[in-house]
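To start, I am sharing the structure in question, which I have written as structure tokens.
We just call them A, B, C and D in the order they show up, numbering each chain from 1.
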Amino acid sequence: MGFETFVQTFANALVLGSIYAMVAVGLALAFGVMQMANFSHGELFMAGAYVVYVLYSLVGLPFLVAVVAAFPIVALIGMLFERVLFRPTRGNVLSGFMATAGAGFIMQVLVGQQWGVGLMRSVVVPYKGSAEILGAAISWQRLVIIPATIIMVGGLWFFLKKVKAGKGLRACAQDPEAAVLQGISLNKMTSLAMLLSGGFAGVSGALMAPIIPVTPYMGHVYGVTAFIVVIVGGMASIEGAVLAAFILGFIHTFISTVYDSVTATMVGVLFMAIVLVVKPTGLLGNVKV
Amino acid sequence: MSKSNSSSFIWLPVVIVIGLFCFAPQVVSAYRLELLTIFLINVILAQSYRLMTTTGDWTLCHYILMGVGAYATGILAKKFGVPFYAAMPLAAVITVGVSLILALPLSRTIGFAFFIASFALGEFIRHVWLKFHTPFGGARGVNGIPKLEIGQQGDWYFIDFWDSTNFYFFTLIFTVLALLVLYRIDRSRVGNAWKSIYADSELCESIGINVTRYRVLIFCVAGFFAGIAGSLLAYQVGSIDPHNFEMVEMVYLIIWVVVGGVKTYWGPLIGVFSMSLVFELARPLQEWRPLLFGLILILFLVFMPGGLETLLPRIKSFFLGLVGKKEVR
Amino acid sequence: MTLLLELKNTAVHYGKVEATRDISIKVLEGDIVTLIGANGAGKSTTLRMISGLVRPSSGEVLFEGNSITHLPPEEITGIGIAHIPEGRRVFPQMTVMENLEMGAYLRKDPKEVARNIELVFSHFKRLKERVNQAAGTMSGGEQQMLAMGRALMSSPRLILMDEPSLGLSPIMCQEIARIIKQIHAHGSTIVLVEQNARLALALADYGYVLETGDVALEGKAEDLREDDEVRKTYLGM
Amino acid sequence: MSFFSVKGLSKHFGGLVANNSIDLDVEKGEIRGVIGPNGAGKTTFFNVVSGFYTPTSGTVEFKGKVISGLHSSKIAKLGAVRTFQRAALFPEFTVLENVIIARHLNADTSLLNAIFRHNTKAEAGNLARSKEIIEFLGLKDEQDNLALNLSHGHQRVLGVAMALATEPELLMLDEPVAGMNSSEKAVMVGLIKKIRDTWGITVLLVEHDMKTVMSLCDKITVLDFGEKLAEGLPEEIINNDKVIEAYLGADDIVA
């Protein structure tokens, strides 16, 4: 691998790690607060991409507006998941998980029927051209993901550490019953967690829409990867998810570059299996689930 | 478990159902008969999955294990010319081997992590099929798997399984046998040990049941039957590729057992039967069909979490009423 | 004195298992009332029912004469009942300050909250020294103090304390007992659940002895202290 | 060499020392009680000796064999079995089925047997023995009831029945009378004595209830703050100043 290729790959790994982080923190957050495991997290990602497709490609709004709009729109879907699927099955992680699998089916069909199933809805790249860093060319469209992630994940960190509602979320994650005894409403917090979870998935899908083919099934790979990320990081740990996201981002990018993407996925899974054997609670997790 | 009365009550409908299945080729079209064969294979798959869930370990790679059996059969039969009576047991043994390898890391996890890890490891296997063209054929899979035959043309005992009726009966025999064995296991001491692990694994340890060993064992036993199902599938469809064993298929398997229920032996049978029926009836819906199934899954999880089998006691007392018997317990 | 809390023939079931059968309790404003009894007598269940964590299968809970039987726990906290759960249950990965802030979750006025924090620090000097320490890294006694301080942050009318002495050294028990008295002197009404009957009866004005889900005995704390049956069974003499 | 012997046993959780170099020897046929105030480390001690936790240091020996660090299923196989403080049972099986399941160690558990059931003679023996144990413990009337429908007292007795079904030489009881009313307590005390007297099974119990321990145990070990405070006959323990202080030390708390 030449130096340029290395820099290129390194930057791509940072970009992929950022996207993984953005997708996975939402999953970890929802799981941490009330053990809500969203099988169709990937479909929320897909929904975000379609928000961009509709608002930017079809309606013609600016790309940035479409990306920002993806947050509330997909967050709303997340809240709907919480209300309709997770709340009735509370106390049974697997039931909620399987119910969201059903919801994924529904979303895929609805999107497919509305905008077509087989077509690859490519979104025209809004930020054309590329930046030259250490001799390697990296497209702006990808590069922009890194600051976006810093803003989003940083914002989440600030919210959880400094804002009252965010602290309430952490309290629920650490001890839901004690949180309730302080007057924190569990229903509101689970709703909030799924709102954030959906919003983050939506924005990441929106940012990826110009880069990858937009189809009703595009979320699957990202949903699966997000799950591997949170297992490696430690199911409910947000810091763990960010760490694991970058580890897997680097594994996937470098192995894809040197070998191929199938091998990269296999090595990623193998890495997860090794982590489970060595530390079943994940890298930064302390709860056994 | 109450004895004599209810068990004789159970066996009568079972005999009737088997009788109906034997009679089926007389009345249905060849196309329908092939669907029925697939249905029988699905019955084995669903029932072995139900066994898996008795310890509470809902895997997400059961469909992949079926694929392992199918691939093993396909490769043995096509590339090595192994006859079915060797290829089928070998395929089952290979599936057990793979199950064992998967069970080792998986038995270190419980609950949700188990669920997801099983899925990821299943995907790993699927990627192995995709990646290695020898012997798995990559994305195109294994095609032209020879149909099985008994004897050769001209032998008096020659049976040609290109004939769909013959293969149907071949599958039927395996299905009945598999169901019988799974029923025996379910009612056995080992079966009860598995259910006990689900109820209270600490208590099991304290009375001398090695929980880890038994969790690995159940994975292997369930894998065995998934392997048999895969083997039958390979012979039935004649060609397999990684897309036959995608996540979607696993979700359908889950829908069967959720709709039917897993607490009793009969739940998955009810589930796979009713959902196969709905699947066929919903054919006109075309691409909207997954939406219907997603809805069914959600409705059952939210409104009837025990599945259709929770209606069983009511149906049972209705039939007992018909024959004039009082419920024992 | 006015009647602050009343339980009328309450029973709680966990599934089919009966946790409490028929419990009637009265708590007067300004009193310390204790519930004592062995493991599994239904003491914790009774507290959990008052704060809404479990629902009674029959009977009624009245707070200042109004039924709170069917209110959700967060609203019960809102009307002035604070529950310090068994095993303290502080938020382990949050700092002492954050834990206290959580105690004031429902309060809107930051000035009031700041004043309240000062009040808590005046009761618990040790907490002030550790404002930025993660609660999970503190000793059992300190966590108990934090749990008490957190409960005080909502300026409750009634404080429910579940086994505050659990797992604490005798010296720490004395410290906790002293603080309970101090909080009481500040005007709080307290329901105290204890296995340490001696400690509980020394602190309380009135006591209820629970046995397998029923009130076996009740009376003024000093009378219970002298009662032979109580002495034999719960004081180990 | 003692029948059951704990040597220098310590258990730490992170920085917390739950047990600190505890020594304990139990002779065959003895009923030994381990007591201590709340938080004295009894439960930790119990979980370590029964194989649910691995000790940080020290050993547990049973019949001359080191059992610490073994799986508790393995310890059960060697003849030392524990019960639980909670009502641990298989709720959706009947009482009889619960006890039969607990005869796992005395049964043919091969898969072939599961499928073909050729070994019915042994299972008949297990059934007979299970019924015997149930009758011995006075649960005969409940035999065909689902375990979840039993009263708390009966559920705890069922726990003991399941432990006995493994044919142990050492029975370890975790707070056997917790949550019981006085008549249930009396029944349990009688049963434990009867188990020892009839079958010669050694009993090690951890208990909170003083009255029960005093009337039941041959010898008592007192733990306090994770360490062994005292050991002796019940009458010695009840008059031991250190013990009184540990239990009642908070006497003039509210001075």
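FYI, contacts are C-beta pairs under 8 Å (C-beta built on N, C-alpha and C of every residue); 3 or more make two chains touch, one makes a residue touch a chain.
Fair warning: this is a prediction, and the values are worked out from it, not measured in the lab.
When chain centres are set by their Cα atoms, the one at the greatest distance from chain C is B. Chain centres here are Cα means. That of chain C falls 32 Å from that of chain D. Computed centre separation for the pair chain A/chain D is 49 angstrom, with centres defined by C-alpha atoms. Between the CA-based centres of chain B and chain C the separation comes to 54 Å, rounded to the whole angstrom.
If you average the Cα atoms of chain A and of chain C, the two centres end up 42 Å apart. Under the stated contact rule, the graph of chain-to-chain touches is a ring, a single cycle where every chain has exactly two partners. Across the assembly, chains come into contact as A-B, A-C, B-D, C-D. For chain A in complex with chain C, the touching residues are 164, 167-168, 170-171, 174-175, 177-186. Residue ranges of chain D in contact with chain C, taken from their complex: 38-39, 148-149, 152, 175, 178-182, 208-211, 225, 245-251, 253-254.
The touching residues of chain C, counted against chain D in their complex, run 15-17, 38-41, 140, 163, 165-170, 173-174, 177-178, 181, 195-196, 198-199, 202-203, 211-212, 232-233, 235-236. Across the interface of their complex, chain A is touched by residues 58, 104-105, 108-113, 115-117, 119-121, 123-124, 127-128, 130-131, 247, 251, 254-255, 258, 287-288, 290-291, 293-298, 301-302, 305 of chain B.
Residue ranges of chain B in contact with chain D, taken from their complex: 1, 181, 184-185, 188-193, 195-196, 199-200, 202-211, 217, 221.
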